[in-house]
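To start, I am sharing the structure in question, which I have written as structure tokens.
Naming follows writing order (A, B, C and D), and every chain is counted from residue 1.
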């Protein structure tokens, strides 16, 4: 899947009461870079005023040393983002900062709402004006429309109207508010740093800045941090919201060194690989991961099966955003330039290739062709999650149904298309069993088509940008 | 004055029913570049959707060939802008495009409103959210808040609430609306191009694209252009609004080849120079303009007085935005690097120096010192407008009163400060007499302190960005 | 001519025994920017080692504040250059620094040699390797091949072999050597700054840094500056070299505030305009310069003829290096965007247009068309030098003979081509008479085809880059 | 070691008789990017003329689509390079192209010469001028000084004078010449592509472009490729040159999917890990590689020892060239941001960490600290080569002796410094045994201090840049 460029969907960060808040946020965003490579932003506060810098590009490109002096203060929120290409998209970078009747407020959002259109039409009918195409803009309009002068009250009362996936950090000059939707689709974690507090999408951001992980925010939790210390509110009715954490965060998105949804990601992936080996055993000589996304699952498969692990692909780390193609055969070059098989490891072997997922199938097909050319005697494809058959409305940019190979083809047809000797997907049960919480706590709609919320918006008709 | 970097305040452009609207707008903005050097933007329409590209920088930097393909359509509006420096100011570039209950609308504005704070507080109290610090954002909020589904009706009814200087072009996918405030502070001109129509701050933009100048918009005129052709409305009550065109556009801002406020700018400036010679004659050998802002007034002075014109200063055209200073004496270098006196022309001469204005006085003082060093026997300063004593609330970025030399010093003191043998300012009467309309049609508040509107906003307290 | 983009050909600068030599050189190059806009470089010395920074671009682009710290020392040479476009041309920027048997040496050169090929083939036959395509590289090879360990001896003895135009500054860690070819084609000036000395192509560089102009180097003079103070040598036999200073420096290249070849440039240009009026009088209403190149000649013409000067063209100063063209009619746009005629000044008038030269004629033709469209009743073209009929081998990048309008057409035909009512060129005699030295001291080969040196190189066959 | 930023030293590429030679060279350099990240260049030929583009930066930054059209022809050489930082270093990028008595020649070089100073002084004494600080410039001077008009004869006769490490590709408009020094220090490989031929530092470049690997060049081989096909010469006397291939290419430099010195690199590394396990067994729970440099050795160690492999470090791939540091504790951040340990994998475990080498020791020390903080019960360091005690004169940028931890400390002291429970280095015998050629064919001077050549240059005194 690493080759198919599934876009990650945003990482968020917040910090309160720490000197050099902008620099620490910068580091935090660096650790969350895998969640969004296309824009980055930091908004800081000195207690009475917000300061914002954001632009297109990687964290290391957006922020230069002299930007830091423009971001004073001991509190901040930050964001890394995937956004559609186009020259004006800096307008859609986050945090999104506005002023309203009670001052300044900024928001950074990870996830995708499913009633944006409804809310937007309602707000517009009351005279609201939307200056971006991000559904994240909804939050500030709801706050502004509420009658409450205190930010926490405004959030508490207005947030109930929002449906969908949202892990959010908000700030005004005095407060940071972190918020996780009642389904808990996206992760959101809480830590202590010196006398202050930190919020991040994943715990890997805490390790770098040496913050002490306290706990994840609960689904539906609203955590307010200000000079009175942190305190939690629960704006949503619990009984009506099924916890539905995105299992694909464990399969692919999150960094392996993070702990989210109560489990370490690397450990879950290795267990998925073990379960995959139990479900789809095959006689073979070596187990090869598609690096780096398949590394842990392959390790698990190898351990469980007793078949030797081998690093059969070399990864070229220099792949950047631009690339000059020869006029012919450009297509397969992109696959080859990223991963090159090592003939000495593969030749004459029966090979099990382990990857985290197959989306369209073209990249996988090209890779298998490379393995065959490198002399693989047999190629067995193993995937550490079930077949993808449905789109995600909660923030993951899968292609449309029609492009999903597993929506269009049976397992047997996929085997033929990929030209492999066998193909095996991990079952839903095997996938959930790799976590400590089990099936009931996860959203697996992309595998099952069963969505934990109503999808209010006619998604094809009104296309907004997700985050 | 050219050396004092008075910031010009925005130029606007609109075009309807012309192929390659973006390219023509690009050219138009190129001609209006002197009105705003710090950001530029173009919004186009294909009839059903708006497309926007804007960024910090000069027109030639903001738009590259491949941006043109992202700006399809046969109608467009454009903007060049002065804005405060800072890394995030791209957010404040124009056109400002939003969506509201009746679709998309974009606005480009030249001028400065004087009741922004009042309106903003009112709008915010009803739940509006402001995403920029430009007072231009007011327009779209008023449109959105009005009950009217047709853009022209919404503009017609809501625009009456706005007080101040505004020459504006608005567009939705179907229509272009041009609007000039009832005082007519800023210029706005109308032309025909092929089967289509063009709007521009100054007529110099028409020359380049070979459009045929029709007329200026009247103060208070709202000109709607769509498939039904152009038609005019007058939303404001005429009797309550004194026409108050900015005389400083003639003195300094506008390009000499433009015709605005019914007169060619170069011609008005030359007449100002003639009147200046009549009011402040002096025996001298040569008349030297401060290039380029003093060129036409110096020509007029020379002709009227019969004293020979001489190009005594050489202008260095390579002055860019960055400049490395030697550690010592950096101050006067900036003046010297821009204009260098020619000793052979000046030495032993009694010199009359003609400039358009003196603001703080430091630049003028440095230049006169250069003339003395180059051997001038006498130096007589002549200014083609009256002394500046009051700030402008309508869009010109003069410094605060306290920094204005003429607010702080008598003419005699100015003479001493500048170290000149005499100094002469054009009188109000002489200035107005240089135009064909006369005193009654102009705002001269920066010279008189008499403002043609109430200044609602406590300007020092609520500082928004003008345009 | 300003519109025809005749490329200037390099400016040079040197400084010895001044603190912050790099910063002062930066300022000097800023003043010489008009002599070369495409690359810039500075080489400094701390007395034992050379430091170099050079790149493509304007002076203000090539040097940033942090480059200054990489250029320590109290002595330096600098260069601005015209070079052919192309991504690798940074290799051809100057100063050109090398090491040879007696240490490091750097060179900056203005002019064009005419026996480069002969020397190069000779040097190559002895094993020399040329790493650039600049004929300036010849100097260091000759120095290296000479047997002399002292740089001044090496230069003294080897320089005699070089034929052509060369104003040069050379440096090793201890010395600066300035050198002007025995014909004196290009200017080279000498000044005092504090306890140190400065060399520059034109005196305008001295004004900015407040150096005191001492004198021009004599043709054939070699000026050595080191801790023993400045001293002059004359390596060339005087009798065999006719002084042949480039008259076109006065006509067009040099800055008007400079003094070169014993005359102030502005003054010479004004006299050329006066002589032009005497030679080619015509009844007319106004005299219009093509700004800025025709400004002084037009002033002279107006004064001599008694016809009023008028600034009939407005110049757009924002023309940069890139420009997006509409698909149609791009050609004439480039002319129009640069200069726009002012109808109010021109309409109904008999106009004399004064420019410094006509090369191909297309630009002039487009401008005259603009004047006609702006309502000129008659247009009389006046040129402040004779017709160009021959190429320059000494450093000016005129097009080939076949492209020169005056080589191909009679005056009558030029009149027809330009569609003017009359055309008048200044005579050779009138041109020389504008200087204080007279005909005998100047090269006018581009007007006469009479070259003051043999042209050894088959120029069309071996194309090197000039400077 | 990956964290210690040992700079790789250049990769070279050549191609003859292939359409779109520049594009294929671009791809080849992409595959060789790990050998030099700081500059890149391509020189092509159309058969009669050379075309060059080179600049600072990664391959993907230096070359853009429109550069390709400036690089026509069906033959080319290319280079990626490590160079010292500094703004002028583009001058030192390669290929280095010059003209000499017999036309144009360009060179790209990997390796470091050891008699550069001697040769340079000799050449300079004969009048040669050096325009770079690269010792690679020697080649073209020797060619130019030789009497031979044919490039292959000039190379054949002059190359004998060069001592040191050099894998080189040279070209004139007609020929490509590949050359490997008689010791064979650096790899150089030969392949067929369609009707043409390809040369590359490593075979991984062939895989991407689908060229068929023929063989490595022999030490001392000079391979001439032109329209007459490829042919080999052997300019050096075989008996006096001991084959001395750089074993550190296998340990660290080369890409694992390459085959060099007759062995696949990944396979050699895995065998090194196996031998390391035999030599330094220890009871432990997991084997952790330092990614990516320790991956294969760790795999070998795990297999041989039967101890489970675990991916205990997560690597952040976004580390770029700039990085904003917090004011405090910046040092250890650079280590942590690159690799983050996974607590769930490490906690409570006895850990064996496998890396390819330790140079200064600080990075290793920081990493071990991270493992301890992540809960490792024991940490055993295993290194897949012997201790580094001597500098490399053949092109690898080790620090000076005094900075090498193993030069300064005993194994016991290293153990204490790193704070590990045990440390074990692979023996020389164990290292060589991992290759199929054995000890006699390799240079291991950095481990032994025994250099296979005289080191003519006083390296500390005359510091040139290596490649």
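For this structure, a couple of remarks:
Just so it is clear, contacts are C-beta pairs under 8 Å (C-beta built on N, C-alpha and C of every residue); 3 or more make two chains touch, one makes a residue touch a chain.
Remember, predicted model here, so these are calculated numbers, not experimental data.
Under the touch definition stated at the top, chain A and chain D share no contacting partner at all.
Each chain gets a centre from the mean of its Cα atoms; the one farthest from the centre of chain C is A.
The distance from the centre of chain A to the centre of chain C, each centre being the mean of the chain's C-alpha atoms, comes to 60 Å. Taking each chain's centre as the mean of its C-alpha atoms, chain B lies 37 Å from chain C.
A straight line joining the Cα centres of chain C and chain D is 48 Å long. Of all residues in chain D, none touches two or more other chains. Here, these are the chain pairs in contact: A-B, A-D, B-C, C-D.
Only residues 20, 23-24, 26-27, 30-31, 33-34, 37, 58-61, 63-65, 68, 204, 207-208, 255-257, 259, 264, 266-267, 292, 295-296, 299, 303, 308-311, 314-320, 322-327, 333, 336-337, 340-345 of chain C touch chain B when the two sit together in their complex.
Contacts from chain D toward chain C in the complex involve residues 52-55, 67, 70, 86-88, 90-91, 96-101, 121, 124-132, 140-141, 144-145.
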